[in-house]
Amino acid sequence: MTVVDEKGSGEYRSRVREWLGAHVPPPTAGLPPAEVLRIAKEYQAALFEAGFAGITWPKEVGGQGLGPAEQQVFSEEAADYDLPTYPLTIGMGMCGPTLVDLGTPEQKQRYLPKLLRGDEVWCQLFSEPGAGSDVASLQSRAERTDDGWVLNGQKVWTTNAQWADFGAVLARTDPDQVKHAGITMFIVDMHAPGVTVRPLRDMSGKSPFNEVYFDDVHLPADGAISPVIGEVGRGWQAAVTMLGHERVSIGASRPSRSNSLGFDAVLALARREGATADPANRERLAELYAHERALQLLNARMRQETQAGRPPGARGSVAKLAGALQLRRAIAVVGELAGADVVAWDPDDALSADVAQGINSAPASSIAGGTNEVQHNIIGERILGLPKEPQVDRDIPFRQLKVGTQGGAR
Amino acid sequence: MKLVLDAEQEDLRSAVRRLLADRSSPATVREVMASERGDDPGLWKSLADLGLLGLVVPEDFGGAGAGHVERAVVLEELGRAVTPTPFFASAVLATDALLALDDDAARAELLPALAGGEKVATVAVAEGGGPWDRTGGATTATERDGGWRLDGTKTPVLAGMVADVVLVLAGTPDGPGWFAVDAAADGLTRTALTGLDPTRRFARLAFAATPARRLVSADPGAALDLVADLAAVALAAEQVGVMQRALELTVDYAKVRVQFGRPIGSYQAVKHGLADVYSAWEHSLSVLRHAAWTADHDRAGLPLAAALARTYIGPACFEAGNAMVQYHGGIGYTWEHDAHLYYKRAKSAQLLFGPPSAHRARLADRLGI
Amino acid sequence: MTVVDEKGSGEYRSRVREWLGAHVPPPTAGLPPAEVLRIAKEYQAALFEAGFAGITWPKEVGGQGLGPAEQQVFSEEAADYDLPTYPLTIGMGMCGPTLVDLGTPEQKQRYLPKLLRGDEVWCQLFSEPGAGSDVASLQSRAERTDDGWVLNGQKVWTTNAQWADFGAVLARTDPDQVKHAGITMFIVDMHAPGVTVRPLRDMSGKSPFNEVYFDDVHLPADGAISPVIGEVGRGWQAAVTMLGHERVSIGASRPSRSNSLGFDAVLALARREGATADPANRERLAELYAHERALQLLNARMRQETQAGRPPGARGSVAKLAGALQLRRAIAVVGELAGADVVAWDPDDALSADVAQGINSAPASSIAGGTNEVQHNIIGERILGLPKEPQVDRDIPFRQLKVGTQGGAR
Amino acid sequence: MKLVLDAEQEDLRSAVRRLLADRSSPATVREVMASERGDDPGLWKSLADLGLLGLVVPEDFGGAGAGHVERAVVLEELGRAVTPTPFFASAVLATDALLALDDDAARAELLPALAGGEKVATVAVAEGGGPWDRTGGATTATERDGGWRLDGTKTPVLAGMVADVVLVLAGTPDGPGWFAVDAAADGLTRTALTGLDPTRRFARLAFAATPARRLVSADPGAALDLVADLAAVALAAEQVGVMQRALELTVDYAKVRVQFGRPIGSYQAVKHGLADVYSAWEHSLSVLRHAAWTADHDRAGLPLAAALARTYIGPACFEAGNAMVQYHGGIGYTWEHDAHLYYKRAKSAQLLFGPPSAHRARLADRLGI
């Protein structure tokens, strides 16, 4: 049961549809990393040549200068495909738009066209071991030198760092300020000496993330192009801008066709297990569908409202949270349908393997990009206007704060 | 697919909200729900005057010729105000039934009176608490002396005590049939039921050789399905209104009620609970808009959209009512506070057309599972 | 499916069993209040004469001076009955034990024997409109006079005030202290001039509670018997003592036989509705049973641990919370079983009426005696040892605090 | 009914906890679960030396002659440490099966070897992910040349790759029968399965005219029911241990992990979530103690108590594992952190003997619904 929004027609849509039909390569999942990267770059270059890269980005940086309507058409048409652009998503969805908002003319000129063409890959370096939900408690530091800055620290959960050419990194530049001040966002050359990227193995056994270590990494500030995004000491504001792009990016993404906990996949599992005749299972499947479909309709309504001039804003958190909770619901349902078939399975049983992989990676959705708890806070405070909790770390210089598990009793 | 309202529809909402602020304030609701009749004839006239009772009735029959999206807007507002009114019985169930059947004479006779508010009608299909039975249940119609007579019992019948006309589904020798019964007919005994929700009245209707007029219908079962699906959309609208108001009032209270030196809305237990209600409301509203749109523009898609609305919104709405009582604490548990009206309306709406399991089962059927 | 713990035998148990069998009157529900009160007092007097009143209370105040084992036996045997003692529960369960702990010899002598015999009825006056979960924010005040104190203020949720002879009331005696200090607990004569008791109608339409108004009520302190329970200014400590007795009192109570949302009643409803054949309903009933039975077993285990010297302490909150959540679960199940039969029913359909009454009174369990939110805090802080939230009202004189909805924007 | 442990039982717990602290530390668990064999023969010997493998085996057969309450204590500790071990297959399933059957010769031959740790045994009943089939499923046994031969496939079989002896339920011309198969027998093909939980190994066992020894059993189906009920109690014990440790570790972390200037355990979202896990653990422990007591003292009450344990504890345990990952945040999602071992053990335990719905259905049956 695949449900997609109605699609209109129109000249732009026809062009998009035709181009995608002719150019999207077969899925790259399972190929060696180097191949995945090569195919992504080739596809993006072709997209750029065809005039479909950066649809809403300004023309002067290589974008198309079009509006959300065209972006929407492209997204709708692209939803039928498994695009190969995974290595480029952070750059396209977060770093690029932030540079469009905050970059100097020189920065835009230097970085954005190559980003758009897929020549250069970007990553985003915010999270640290001691700074998860509380990003602003980060401890990486950048200190001024004669000819720029020197960067030290550790980042985690860095998607795409393994093939990135550049990164947008947050570092503390003044620990005597309170925690949200004294942070600056920099552009770091990921090939510079002192940058170490290590894959981070997640609980499902895969390594989609990295740890990144900076040891005396030099950020040159003596040329025409500053390494600072926005202003020195206003890195938090730059981060908020970037996280806004992240939320939109997550909110707009549709459930993947290959989501092994999506309704289509769960129904296929139910059929294989011969479990669809039991009235209780039928109720469970209906309930699962209802929540998935309600979320699709909410996303569709928010897109329509955006087109009508009312962007979703913090309501992106509603969709993000609902998506995470839906995976928990699905885990319960697949257990009912398959029982021990998702506990242990024949090596060639791809369906059970997919579902088990879904069970073991589902927690990421409730943690990454802001935990469910943080999303609840955002909804309560920024949408409903409920009062914040007492803030205990607002007025204290960062140097004096305890962060992460520093000083913990164990 | 259109999931946002246009300016005209927003104007309609404002007009209805103004009317209800005036004629269905919390104080009035208290008065009306305690009255013997259980609804307010003055409000009924106002609803008729604004054309709201005949919103989906074609202009030829004295209606406004508008659609289900518009009727949903009205129902959202009636839900917001937990207004005690036979609107759902007359302007939804009975009106939809007359439109779904194929009886031009009955339409010409009844629809203008319903749209104009001169008559109140209702539909009698249920025979107990389960889902509607397409066969007419144990109520039978027999032809005698050139006319039809009904025997059996229908319960619960919405607005059954105040309805002037009752549209009944009954079994005939040639399958289920629809009948119109005058409330004053011989052999019709109406008994007021006790109810969980003081803003909603029901009756048991017992028919004993009650004279009835058979209504022309090419496919009475299909007509029933359509009535049920449109009722699902209408009820969803009411529930979305209930949720929204319950949420608003509770958020307002959570901002000002202080315990342990802080507004209770600053505590995550309350904040996150209200965030969940908000999330469920946003989802429900989307599901409703989609269902109402399909009722107007995609009848083939209606059965699925209606079953989705019943499945998703029923429990979501009750959670909102429950949260309203809970986060108001002691005061929310009193009769004087309005929280219980939302709690009870939400629960009665959830179960009105049978248990939630029946809705999920129907959704599964319609998904082809 | 009624499940009770095994009952041993023994001489004490036989005596209890025999006495109860001969003396418990028929259920008093539905009788006029005056009758209910008369029967309660008669029963209690007989209980006292038979030597079963105040089993664990000291002999010098009229109790039996026995241990928890005998109390346990009595409770087990009494569980088969619907005892008529409802009007006396607050006195027996809370006020009395608190006087045993904190009363002066004169207070004990004056009040406890009559309380135990059922001659005098007590109520407890803590909650106020602005002080619910946060009892210590109470605003009722008692001011010293030449010959005692004068009491003013409003109390709510006062069970049994309508037939009470005495009350244990908390009032503020020094608003210049921080909120938990400056409170004193008093004994108030509920028949004194200036005491007004008004029934409070709850959302189910019943009036089991009262509002109580005190207008210049004189608390005489010129005789031998002080009106103060504990010490002046230490009313909060006295309240904690009394609330401890309350929790034990709630925790020890078994689900009433007549609980319309209990498993037995729900199963009876399912049978009437012909709903037990549906596999989904069978699962729902099993799930409902499982949670009810697990709670019974938890209570049984805590009783055994108490006998072994490890009292439940704050774990009473676990049982209290679970009981409240079980009612919510039951509401969902009865809706599935009965559908519209619990929305509207024939006036003579007592089963539907009972279930609907259960639905409409269930929220009380999640609010009264400490909301679910408060129980969660107690479990998290007092059992798991998790840190408290920042306290914003600890160090400020009560006079300067905002409480309830005072000064709210609307 | 006794729901608290006595001093001797607490001593047993301490001894096992000491052993596992020494021989099944987190680092050792990592090593063992990555090994080809998937369990630690050294630990196995220690368990045997302490008499833990034969805890419920009568002394006549080389066991300790203790009861299910004691075995539950051992399993709680094995669960706490998420120890990879064939204990459940050999000291629970196979041991219970031999005791439930009526084959004195097999008992005399096998039980001392199992209790002494010289052999590992398992039981092969499941043929797919659903609940156990009392008939033996599609696996058949035929008598040929004076002996029995098995044909069919059993999967998943716990510890199926390392077991020396497999007790198989198969259909015979005269109903279901139990058979003992040597792991080295001709016509037995064992395939290692891929698993969700790295601390628990399974195999698929294919029988093709595999020689087997028929075990004497007056009522093979009743024996299976008893084995299943005792397995439910044993698994509940493991799950209670998993929950308890998951809770402890998470509470400890919540006290020291600071975000936004406060330990995360001071936030109600985390505090209340952990309170719910604690509550579920307290309930689960009570249910377990009761079930273990009935296994020893009230066999008539065992079927109900066992079904209760499966129904209540399965989801409660998974919630504890899920909360452990969630409240550890990013670090809890890494392979290096132990949270995922508890999450996966909890999920695999929940589904090991078929879907939760099957357990609820069995509970309903046993309640006479």
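Details
To keep things simple, chains are lettered A, B, C and D as they appear, and every chain counts its residues starting from 1.
Just so we're on the same page, a residue touches a chain if its C-beta (ideal position, glycine included) is under 8 Å from a C-beta of that chain, and two chains touch if they have at least 3 such contacts.
Bear in mind that the values here come from a model prediction, so they are computed numbers and not experimental data.
Among the remaining chains, D is positioned farthest from subunit B, on the basis of C-alpha centroids. For the pairs A-B and B-C, the count of C-beta pairs in contact is higher at B-C. Note on chain placement: the centre of subunit A and the centre of subunit C lie 52 Å apart, centres being C-alpha means.
Averaged Cα coordinates give subunit C a centre that lies 43 Å from the centre of subunit D. Averaged Cα coordinates give subunit B a centre that lies 40 Å from the centre of subunit C. For subunit B, residues that reach two or more other chains under the stated contact definition are 255, 262, 267-270, 272, 357.
Under the contact definition stated at the top, the residues of subunit A that touch 2 or more other chains are 278-280, 283, 373, 376, 389-390, 392. By the touch rule above, subunit A contacts subunit B in their complex via residues 1, 5-6, 267, 270, 276, 279, 282-283, 285-287, 289-291, 293-295, 297-298, 300-301, 304-305, 308, 315, 318, 321-322, 373, 375-377, 379-381, 383-390.
Across the complex, subunit D meets subunit B through its residues 267-269, 272. Put simply, subunit A touches subunit C in their complex at residues 278-280, 283, 389-390, 392. In the complex of the two chains, the subunit B residues touching subunit A come out as 1-4, 251, 254-255, 262-263, 265-268, 270-272, 274-276, 278-279, 282-287, 289-290, 307-308, 311-312, 357, 360-361, 363-364, 367-369.
Contact residues on subunit D toward subunit A in their complex (touch as defined above): 126, 128-131, 155-156, 191-197, 200, 202, 204, 252-253, 255-262, 267, 269-270, 315, 322, 325-326, 329-337, 339-340, 343-344, 347-348, 350-358.
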